[in-house]
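Take a look at the structure below.
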Amino acid sequence: MDFAPSYTPEQEAFRSEVRAWLSEHMPKTGGDLDSDENYRKFRQLGRDLGKRGWLRPTAPKQYGGGGLDVASAIVLYEEMDAYGLPIPPYYDSGGWLGGASILVWGTEEQKQRLLPPIFTGDVVTWQLLTGPEAGSDLAGTKTDARRDGDEYVINGEKIYVGGSHGADQFWTITRTNPDGDRHKNLSWFMIPANLPGITVRPMELLGDGGEGIGAGVKNTVYFDNVRVPAANLVGGENNGWQVASTHLELEHGSGGSVGRNRWFTRALRWANEQQRDGRPLIEDPEARDRLVDIFVLTEISRLFGLRNFWMNRTHQPMTYEGPQSSYFRKLSGLKITEALHSLFGPYALTHDERWDFSEGTLDAYQRSAIVALHPGGTADIQKVIMARRIGMGREERESAGKTVE
Amino acid sequence: MDFAPSYTPEQEAFRSEVRAWLSEHMPKTGGDLDSDENYRKFRQLGRDLGKRGWLRPTAPKQYGGGGLDVASAIVLYEEMDAYGLPIPPYYDSGGWLGGASILVWGTEEQKQRLLPPIFTGDVVTWQLLTGPEAGSDLAGTKTDARRDGDEYVINGEKIYVGGSHGADQFWTITRTNPDGDRHKNLSWFMIPANLPGITVRPMELLGDGGEGIGAGVKNTVYFDNVRVPAANLVGGENNGWQVASTHLELEHGSGGSVGRNRWFTRALRWANEQQRDGRPLIEDPEARDRLVDIFVLTEISRLFGLRNFWMNRTHQPMTYEGPQSSYFRKLSGLKITEALHSLFGPYALTHDERWDFSEGTLDAYQRSAIVALHPGGTADIQKVIMARRIGMGREERESAGKTVE
Amino acid sequence: MDLSLTESQQLLKQSVEDFIEREAPRDTLVELQQTERGFNDTIWKTAAETGWLGMLIPEQYGGGGAEFTDAAVVYEALGHAPMPGPMFSSGVLSAQIIQHVGSEEQRQRHLPAIASGEVICTFALTEPEYRWGLHGVRMRPREDGEHYVLDGAKLFVYDAHAADYVITAVRTGDGEDDIGLLMVDTKTPGISTRRLGGFTSSESEVIFQNARVPKSALLGRPGGVRNALDRALMNATPLLCAYQVGGAQAVFDLSVKYSRERVQFGRPIGRFQFVQNHIVQLVNHLDAARWTTYEALWKLDSGREATVSVHLAKAVTSEGYREACDYAHEVHAGTGVMREYGLTLFTRLSRSLYHALGEPRYHRKRLADLVATIAVD
Amino acid sequence: MDLSLTESQQLLKQSVEDFIEREAPRDTLVELQQTERGFNDTIWKTAAETGWLGMLIPEQYGGGGAEFTDAAVVYEALGHAPMPGPMFSSGVLSAQIIQHVGSEEQRQRHLPAIASGEVICTFALTEPEYRWGLHGVRMRPREDGEHYVLDGAKLFVYDAHAADYVITAVRTGDGEDDIGLLMVDTKTPGISTRRLGGFTSSESEVIFQNARVPKSALLGRPGGVRNALDRALMNATPLLCAYQVGGAQAVFDLSVKYSRERVQFGRPIGRFQFVQNHIVQLVNHLDAARWTTYEALWKLDSGREATVSVHLAKAVTSEGYREACDYAHEVHAGTGVMREYGLTLFTRLSRSLYHALGEPRYHRKRLADLVATIAVD
């Protein structure tokens, strides 16, 4: 067993190259990371990374990816992580997930046309999954797409979409046969964001101004007789549930991660800096207990993510591991917020400019951990999937969706 | 609001009477409370109490009960509780629960014939509810009763029955119409324990030698063509589910209690007596935290029990309160065992005569708290009933079973 | 034994609920929450005129002289709204402190004004080195003739941004008991208050810069404060618990309702046992909070020693309200985090009140000290 | 990065599983549990002959010289049975102590006998004032010529009733480091061992009454024991964790199987979400235990600093195994508490091993000390 990625001399050389490049290109940012100004800088960094194939390091080269091996990709993630940034350095889960579905289900023409803009950072893509009527029950969507000549006409509404800074394109799942059997009446579309009939309106949610770049605001997207070229239907008519299974699988956590949850190191730093009765908070036994609570939870999360990363990238057969990781992360998020509240008291709830020592992150996390319970499937949905994959009460065990990474 | 029972001068006089009587009649016991010798003493105490109508203080006088008001009954419970004993001072949940069902559903003839032996302590009654095939799904019993002239012929098997010291009679629920609709094919019988064809065999269970008098051993009862007089059918043929609803309701906790869980005071005493590093364990901050954990859990349990006692005795409309109390008690039992284990370390697991300071109660509780998860309905079944009574996902709210107390 | 509300308590409850339905339905409260002040004059005037505000204040000082349980019925209904505003800070907490710590003259001067709503008052204990309890008080006034001169900051003071007076705990010496409480007028030069931003309810900073407070502002006598203050806190806390119980009840009501109305996979979601499990855990927390609170109130009303029960109630209620909201969010998923739906009004309060008058750990530690000395039978 | 077992590890795992299926199926183990000794010679001989017992012992001392992860594969499979007997106490814990604390001469004398199974050895630390860790050691030998004379009791010593030697921790002075480890022959006059009754696995008392132990029984040199012992404990602990992981896995397997076979209300119970919830929580505990354990083993094998990972693994694994059994009992209801079914074999172990080598609180406290000093980035 080996928990550490091992690197060839070539890969170590690659690390030096990446490190040098990043130190030169990393923009100066500060304050609210979700501000327009900061976003523009990160967006530019994304384009620059994309030009080198570093935005989607393991995606095939012919579609604009980096074509790199897993170890080199980890090198890239690690070096970006040193700046506290993911790849891409702005909100683009739509590109990540939609790209994966197109890679699996798209025609060659679609891959050549749709993937390069995503993989090179030319476009930002939003996923449109949830409707007012269809939350956990995604397949119950009432957004309809009706064929009309070479186009489909889309009507409906999707909620909890995207971030604060707009997108170039959307993908979504629609009903193409309202009378068809469940799961066999859906179709998957890539949709330019600027088509007539599309309206985007910000929602008012608990997580506003939440943690992370561009993850703050969510939007409602309305479709009013929006005409989408039939060429943008991916995976064939009424095959949308299959196409969705790919990105759902990844969204449920089966892609894994090599990153670390930063809450432990942050809490540790603040517990060293904050004073209580003239002594550092870290010397208080209660505070130490809460720090260990956070440490234990984040270590387990990290190990689940690492296991999934390895399984996914080395194509081990996966079953319940994705939703397990997702479930654990959601629930431990709530527990961590309570531990932080216990640790820092009312400081955990304020982003007041005079008193908050956390640059707004503590307060934002108290809210975003609640908001995080539902996206990518509620905690309950993760359990539903785990039960099917483990085969509780049934001999046949459902298998995981097909992904590439 | 008034959480304390209030007593009239007559009731206070009654307390003096009870106290004097108990101090005279309370037997000397010691060692394993479940030993044959101790049991005989408690059984005699029960008969003596029964003669005075103190065994079932609130049951109607004409059937052998005490006919006392609620406050006087509480006086009795409190005075017995001072000796660490319930009423009756031996295992007779079958008499308590079966008696309640007969009171509600029996004919006048049956009440006059069946209740006095129970209420005066002449007989010990076991309830036979669970079958190998029918645990949570009680109505799925495969114990059959076939009418034959003035008798019913019973065949089948019931498990997790009774205690270590035998019983005089059983009651059980049987299937009288294998082809009938669910819940409408069951009948409820009182059965003398000495009928031909009945075999009682002890089971080997985790809780052997568990806490409480006579609650240690459980048995399997086999029925092999047992002929029961039709006069012992209570509530009419195929009406057994209704009859059962009464005792199930009580078993699910709706009767409540005025007693206190003793684990906190015990743990507190031991924590004062036990030494660590030359100082009483109680001075250890961790130990104090665990004591408070136990205190909080047992206080909540006590308050749920008290609320239910009051609601039941004053005939407030009850819905989910019974199963809530039962659920909370089951789950907090597990948490208390972990707190005790944390408090006393390996001492929590041994009844070794040289080293155990708890007279076997700690070790027994580690096991009996696990065993207690299922009797009277599993923790999950309590939740099922709560959901129906609260009306989760449905407008109509199921009401609680009919009880008298 | 009688665990029911009296008839007059039921009427009281109904009157608060009627007012809320009329004047402060949930969408109004959602809007109000976004405002700087957080409450409005209708609410405040009604609280004063109906007597809810001064219920606990003895009649001779212009209050209602009600029992604790009566007042709790009102605060539970207010928590169910959840009604914003400094009712608890002023009418319960500050009034109790003045009543128990202040001199007769001070009672006569301040309590009627509080009861009538004319004056809003709050209590400032904690400082930047946050810790609940008197040993966290470091602010030490300088004496200057007939004045104390104050410098420093009090933090996380509930409702200070709306208060006329802040009862400010200061240190008068190095001993544990050397604590003084100053009735500080917020219009005093050198004093500023400001509401803190974030996921708090109505917590503020109070900054003192060379602020001169007359010595007559000292409540009671120096050195004799601890016990009287403790008594006031023990009396006030269960009312805050009742407010939390009301909130948990509302969150339960919302969840059950949503479990019936929201349909997914062709069934109301309340038919799914995963969802049922959330609501079962929620109602267990709710009822634990309710009955520990009621018992503490009854002990106060009947003159019993209530300290253990009060600490128990605050620990259980604070943990329970927080958990109740977490479970409600699991039931509601995306809908629950939409501002307009209103669930987050409660979530916010469940967080902020978690540490009000001491976080659960504080009360558990005090419980440990108390129960460890209980006579062992 | 490679998180899979090697081919030879898979073969090893298979060979243990084959042996268990053949010689120690669950009903055999249920019977064995009822016996005084708790294990039998077939088990012991096989453990010795196949080399499982001495796997971790270096080859020059008659062992297998295997890596930690190899040995963990075996111990996980043993825990899955769950196989009883002093394999861990003797072949891992005692052998590690002798290897790290003992002199070269002592290693050569004892380790081959342990590896061959000829001699059974265990480690006695805790005393009646139970507390894990060296500061709980109070037993102080008297010196008498070439002997130490021992009086007192060691308690909760795993497998002492079956042991030929008990490595006994004694105090040699008042300083923290003044600890000696004596290789005590249990046949020495004045020494008695007795298995404790109850819900423990195989914990015993060892009573010393004027027992004379030659000074040559002292492992290593006095005063230099702490670090070497700590190293031995850090090496041994993850193997116990692996045994616990195997147990939690078995409990998961049983629960999933039962969820398919047990029918109530016309459906396999695993179709009910309440039951699914238990199994989901169970598998989360199982996998948390598994991966924290594996990472600790990998750190040991690759020569990395492993202390944090070992404490993390033991805390998570002990809590997890206990919780796993609780959830399994919820799934199994009445069936789970029938002795013949076998689930309680695991439940018993999950309790006893909860405090073996220190209860979770102990490891969390040590974790706190370690992580509090991690350099803050």
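Letters are used for the chains, namely A, B, C and D, taken in the order the chains are written, and counting of residues starts over at 1 for each.
Operating definition for what follows: a residue touches a chain if its C-beta (ideal position, glycine included) is under 8 Å from a C-beta of that chain, and two chains touch if they have at least 3 such contacts.
The structure presented is a predicted model; accordingly, all values stated were derived computationally and were not measured.
Asks: Can you name the chain that lies farthest from subunit B, using the mean of each chain's Cα atoms as its centre?
Replies: Using the mean of the C-alpha atoms as each chain's centre, the farthest one from subunit B is A.
Asks: Between subunit B and subunit C, what's the gap in Å when you average each chain's C-alpha atoms?
Replies: A distance of 41 Å separates the two centres.
Asks: Show the residues in subunit A shared as contacts by 2 or more other chains, in ascending order.
Replies: 383-384
Asks: Residues touching two or more other chains, restricted to subunit C: which are they?
Replies: 269, 272-277
Asks: Building nodes from the protein chains and edges from chain pairs that touch, which of line, ring, star, complete or other describes the result?
Replies: Basically it's none of the tidy shapes, so other.
Asks: With touch defined as at the top, which chains are paired up in contact here?
Replies: A-C, A-D, B-C, B-D, C-D
Asks: Could you list, by residue number, the parts of subunit C that touch subunit B in their complex?
Replies: 1-5, 69, 256, 259-260, 267-273, 275-277, 279-280, 283-284, 287-288, 291-292, 294-295, 297-299, 301-302, 312, 315-316, 364-365, 367-369, 371-372, 374, 376-377
Asks: Within their complex, state which residues of subunit D touch subunit B.
Replies: 126, 128-132, 135-136, 155-156, 196-200, 203, 205, 264-265, 269, 272, 274-275, 322, 326, 329-330, 333-340, 344, 347, 351-352, 354-355, 359, 361
Asks: Looking at the complex, which residues from subunit C come into contact with subunit D?
Replies: On the subunit C side, the touching residues are 272-274, 276-277.
Asks: For subunit B, which residues count as touching subunit C in their complex?
Replies: Residue positions touching the partner: 1-6, 70-71, 74, 264-265, 268-269, 271-272, 282, 288-289, 291-292, 295-296, 299-300, 303-304, 306-307, 310-311, 314, 316, 320, 324, 327-328, 383-384, 386-387, 390-395.
Asks: Which residues of subunit B touch subunit D once you look at their complex with the stated criterion?
Replies: 130, 134-137, 140, 159-160, 203-207, 274-278, 286, 334, 338, 341-342, 344-347, 349-352, 354-356, 363, 366-367, 370-371, 373-374, 378-380, 383-384
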